[in-house]
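Look for chain A in each of the two complexes below; its partner is chain B in the first and chain C in the second.
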Partner chain A sequence: MTEDSLVDPLVTETAHRLFSEICDHESIQAAEARGQAPEIWNAFAETGFPWISIDEGAGGSGGSLLDALEVLRLVGYHAAPIPAAETGILGGWLLASSGQELPDGITTVVPNGGENATGSISGEEVLISGRALRVPWARIAERIVIPLAIEDQTVIASVDSAQCDIEPMTNMAGEPRDTVNFRNVRVPLALATPDVDLEAFRFRGALSRAALMAGAIEKMSQLTVSYTNDRVQFGRPVAKFQAVQQHLVWGAQDAALARMVAETAAREATRGAAQFEIAAAKLVANQAAARATKACHQAHGAMGMTQEYPLHHLSRRLWSWRKEYGGDAEWSKWLGQVAVSRGADQLYPLITGGSAALN
Partner chain B sequence: MNDAFLISPESEHRGAGCPNVNDLTEEQIRAELDLILDRRNADTRLSTMGAGSDDLDAGRRYLANTVLGGWHVPTWPREHGGQDASVNQNSLIGRVLREFVVPDLYPFAIGLGMVGPALLEHGTNAQQTDWLKPIASGESIWCQMFSEPEAGSDLANVALSALQDGDEWILGGQKTWTSRAVWAQWAICLARTDAAQPKHKGLTMFAIPMSLAGVEVRPLMQMNRDAHFSEVFVDGARLSDQWRIGEVGEGWRVAMTVLAHERAGGGSRGGGDGNARGLKLPSWIADLQVLVGEQTGDWRNKVAALYARDAASRWTAQRASDEARSTGSPGPAGSGAKLRTVNSYKGRSYLANSTSGARGMLEDSHGYIETLTAPSMSIRGGTDEIQRNILGERVLGLPGEPRLDRDVPWNESRRGLI
Partner chain C sequence: MRFTPTELTDAELNLQREVREFLSDELPPGSHEPCLGMAARKDKDFSLKMAARGWVGMALPKEWGGSDRTAVDRFIVVEEMLRWGAPVGHHWVADRQTGNVILKFGTEEQRERFLPAICRGELGFSIGMSEPDSGSDLASVSTKAERASDGWIINGTKIWTSGAHENDWFVCLLRTSPMEDGNKHAGLSQLLIDLKAPGLEISPIPFLDGSHHFNEVTFNEVFVPDTNVVGDLGMGWHQNTTEMAYERGGPDRWLSPFSTVEQLLREAHGTELEDTVTELFGELVARWWGIRNLSLSVARLIDTGEAPSVESSLVKEMGTRYEQEVIEKLVHLIDLEYSPDSESLFERLLAQCVVTFPGNTIRGGTIEILRSVASKGLKGLPT
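Then we have the complex of A and B:
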């Protein structure tokens, strides 16, 4: 294995410690009420974590994509209410790939899918209009990045959020997913490098969600094991009942599964195209999230339904992320079409070889 | 607020001298209901178990309107807001009632579905006279103070104590997850009256006015933003012995009656959204059709399977509830009915959520509240695991769970794990 295929242990340790200190039940709950968590974001940004994997020359923090995804896994694990993926491996990546300046503050990205903004080139400028839906944390972002396909080129528009009209909307987890209206905003024309296009962006979005979800499922599973060991009914911890143990096993299996596919996809992505692994990772994470949230809620009983207990920070995020950058149907369809188009003889090589077999 | 369910003069018609409701044909029932209720149409929707709604008025007006004919609780005695209807006639009325707009009766469900039947079985004449009619007419809302922090599935472990003092009782302790406590005038409350008895034996059931000095309700917020379920703190509340339901030490038996009615009643009157006569599809399918982009074969399969499951679950629940009404004391069939009703509710909300695609991640999207409510359905009213234990032991005759604390005095078993 090369250096590149390993996570820097210092990244894991530092990020985990940082979130353990500043991101607790109360601060997540408060962030939901306020629509932001400036204390958590500032401490996170201070370390340079948001910009890992972006070249220092481009204003990033350096480090590998693997490290960046490890940080996202921990963001998911701690249910940290911050736009980490948007500022870094999505928005920051798009800006760096088009030679544009990274802001010091928060960057967000218009996600793919649904009704969206459009752009047209006029000389050295791009004119943006229309409406973008479900834009994460737009109301607190400094810049809103929009990848656009115009005349066979990939244009990366970086819009000052002050120039947009933002309607606050919220996802199931109480995180901002705003509607952003662009009224003929003019920004300088910037083209992405050839390896970056809307399709690459869509996959990268899915990869970011798979990492977040792997972390959240893992934490949910741990929380459930510990709660059911503490919770006594009928004179013994409920974890002693086999019916409850089955829920615990589902949670643990799905945590292991989601982490395994997210890490495989991350490793392949650092080597190059990883479409097959990413599609599989997002689909598997979606399905694991559906099963694990059911099992973990059931094992918790009424306690897990209350806002005063932290399970919902994880389960509601998982239900939302499951729908972002491709739901189950979208990725099933993509994988199915790839498999079918290559014919029966190529199925096994595809499964064993993954994306390498696609090219 | 809508102005449906206003009392119309015609609704006075079912006074004394009217034909016995048991003699009415389906057409006659429909004709009478037509005088007081609106027909359901494709746009009729129900709210989800009270979540997101604080509208008590629609339900109150509906009950005030139907109580004159005893339509909502036909099997109850005439003097208590029913019509002395037979079990068969009751089912027929229930079926016809599905064709009409019935508001969300969630706030009133404990009184109508659980306390009422339990009072008919265990209450004194005076209690029946005082409490049943106001339940049937929507005048009083009841809540169920059973669960405590240490007594969820293990309900017999309740610790809230009631100590006798002359012809009064002094209550102290804490209940939790008490749905509707913020609305309720009355609670049915399971309390420990003898801590030296084994856990099932030292319990007694009481009715508590929620306005009693020493009773404090503190709402809890659920993850679906519902704040209608609460902690209830009881500290030195004094209660008349007239408000004891059933004999001292018989609380567990009364509790079992209440719970069995809760389980059996899950899918019955007013709650379900069946395909009423004249409507092509139940409204949940109509909603899905609007949400879905492309009706793939896979999607149609899922809808059809759910439709079948839903219908079967409704009939199962209806059968369990008829059985409960005819025997007066429901059996384990209610557990089967509850499992099916819950399974079908969850199936519908998960399908709606997956059909809504990326839009469905947003708060207030279609199916949002249902998705966040679904996990609680297999927990409230006794978890799925507990219902299966009941079926395993009482229907299949499988060996019981080890119950080590069964014959040990409660105050000893409490000291530690056994």
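Then we have the complex of A and C:
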């Protein structure tokens, strides 16, 4: 293994410890009721974690994309109710790539780019209008970032949230996915560097979700193993029953699979173009989430269906993340077109070589 | 449990290239009838050619005829052979497990006698575990080896013995001392038996499609010399468990349907594919990539000296189910009436998969047994 493929162990350790201390069942539950978790966010932001992988010169915390994705994996593992991906590797990345200032507070992004919001260039300004749907945590964001394709250019609009109308909406996990109305807001024109466009943003969004999902599936699998070893029925732990072992094993497999694909995609994305790995990682994570939530819920019985037991913090997030930045159909089609266009003889070399085989 | 992502080094990529070149020459794509994974044809000439390249028994030490290569190197060779549908049946068992067992537990004389011949691709081995009354409950085997002067006399029956009618040797798990109450794992030993020995009778158990893989092997006062006992007497259970770790989690557990999928793409060339078929290719490629990475990480772990038995059981359980899922997806999407004598190679392969793949989650330990092995290992993990 080369240097660039290793996560800084201090990042893992510190983030894990931080979330273990501040992000428990009650605080996640409370965040859902309030639509925000300022204590968790503030403690997280204080460490500089949100801005890992963004150059210090651009207002970030430095470090690698690999480290940033490791933090996201732990955000998923602890079901931390915070806009970590939006502030950092998505919104922060777009701002830095267009030479714009990073705010001290929360940044969010309009996930579907210009589909719902539109922009037109007028001199040195961009005029934004429209209604953007499912914008994560918009209600607590300082800046709302919209990547737009205008006249063959990628424009990164950074809008002050105070200038927008925000209607609170949520995802299946009760996390904010707000509707944002832009009424002819004027922002300075800022163009992204050539490597950043709407397609690159789509892939990066998928990469962020794959990391979050890997963490959540792993935690869900661990909860299931411990619950079924504690729960006694017919005089023995239910984990002793072959029918239950099936669920434990399936959950553990999907946890391992999702983590493997997320970490492999993270490694390749840290090095450069990683379209194959990201597309495959998101698709595999989506399907792993579907199977693992089913298996883990079944193994928990009725307890897993209650609010008082923490399984739902993970399963509901997974069901939401599965649909964000590309569901199963979008990524299987993208990958299928790549595979089919390369033909039979190159099918296996694609599986072993990934993006490196695409050139 | 931890599967650490790994990737191939430049030297390993060179080996991969070398194997691909060899296969392109020997079995040009589209020109041969691919085998479906490890249930491959026995073609001794092909095994000898592979061995001449140093690709049989390659992880065994040089002093015994091997190449001192790593588990990852062997993974690369096996992966390429299987995805190509190469006829690796003759040396398969010896290469995957018997060589390791003899190296690890055998005497110097046994290593001398068997390992160089294995590495030359000459010897074919069968495995003798199941009996008429012992399947998943393997420790209940009752075929007896009884003391004789300078050796043992065997009586009993082994079943589901793949390839006994073609192979040279039989590695058998036998009861060398009577079963003790409460310790059925004691008293078992592994013996190497010549499949041509007097008193040993091999009769076919036709496979569901009429083909001949399985056999029943009956021992009637078969003499086996002391020099053919592998390892310590009574340690057979431990040795056998170790051996099974080698046969789990490798590419043979997730690549069996690959040549069928590849052939579909080959035959579809030039036609407009329906979206659902294109999406299926995307799904398959992604999942194979993911499972391969898990399986490769197990090989890497073995090279660091670990015995990743939980990890390899998880991969095998998942991989073999995936093999069946691939075929079910093809069957669901492809509206053809395929059969083993269809004109199209893809259809022939698909028909063969449909008929034989129920066995994939049974052979080498049922997935139910694997789940029990794996779930015990999952307990006690941090939460």
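Everything that follows uses one rule, which is that the second predicted complex is superposed on the first by the 354 of 359 C-alpha atoms of A that agree within 3 Å, B and C clash if a C-alpha of one lies under 4 Å from a C-alpha of the other, contacts with A are read in each partner's own complex, and residues count from 1 in each chain.
One rule holds for everything that comes next: a residue touches a chain if its C-beta (ideal position, glycine included) is under 8 Å from a C-beta of that chain, and two chains touch if they have at least 3 such contacts.
Note that the structure is predicted; figures quoted are calculated from it, not measured.
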For the overlay on chain A, clash or fit between chain B and chain C?
fit
Which partner does A:287 contact after superposing on A: first (chain B), second (chain C), both, neither?
second
Applying the document's definition of touch, where does A:248 land relative to chain B and chain C: first, second, both, or neither?
second
Where does A:86 make contact in the superposed view: on chain B (first), on chain C (second), on both, or on neither?
neither
How many degrees apart are chain B and chain C as seen from chain A, counting from C-alpha centres and rounding to the nearest 10?
80
First (chain B), second (chain C), both or neither touched by A:324
first
Does chain B (first) or chain C (second) touch A:174, or do both, or does neither?
first
Contacts of A:32 with chain B and chain C, given as first, second, both or neither:
neither
In the overlay, answer first, second, both or neither for which of chain B and chain C A:218 touches.
neither
Could you tell me if A:239 is touching chain B, chain C, both of them or neither one (first, second, both, neither)?
second
Chosen between chain B and chain C, the partner touching more chain A residues is C
In whole Å, what is the nearest CA distance you get between chain B and chain C after the fit?
5
Chain A residues where the chain B and chain C footprints coincide 328-329
Using the touch definition from the top, list the residues of chain B that touch chain A in their complex.
147, 150, 152-154, 157, 176-177, 220-224, 350, 353-354, 357-363, 368, 371-372, 375-376, 378-380, 383-385, 388, 401, 403-405, 413, 417-418
Which part of chain A faces chain B closely enough to touch in the complex?
113-114, 134, 169-172, 174, 177, 232-238, 241, 243-244, 290, 293-294, 297-298, 301-302, 304-308, 312, 315-316, 319-320, 323-324, 327-329
Within their complex, state which residues of chain C touch chain A.
1, 3, 5-7, 16, 29-30, 79, 83, 258, 261-263, 265-266, 268-269, 273, 275, 277-283, 285-294, 297, 311, 314-315, 317-318, 368, 370-372, 374-375, 378-379, 381-383
Chain A contacts chain C in the complex at 1, 5, 222-223, 225-226, 229, 239, 242, 245-246, 248-249, 252-253, 256-257, 259-261, 263-264, 267, 276-277, 279-281, 283-284, 287, 328-329, 331-340, 343-345, 347-348, 350-352, 354
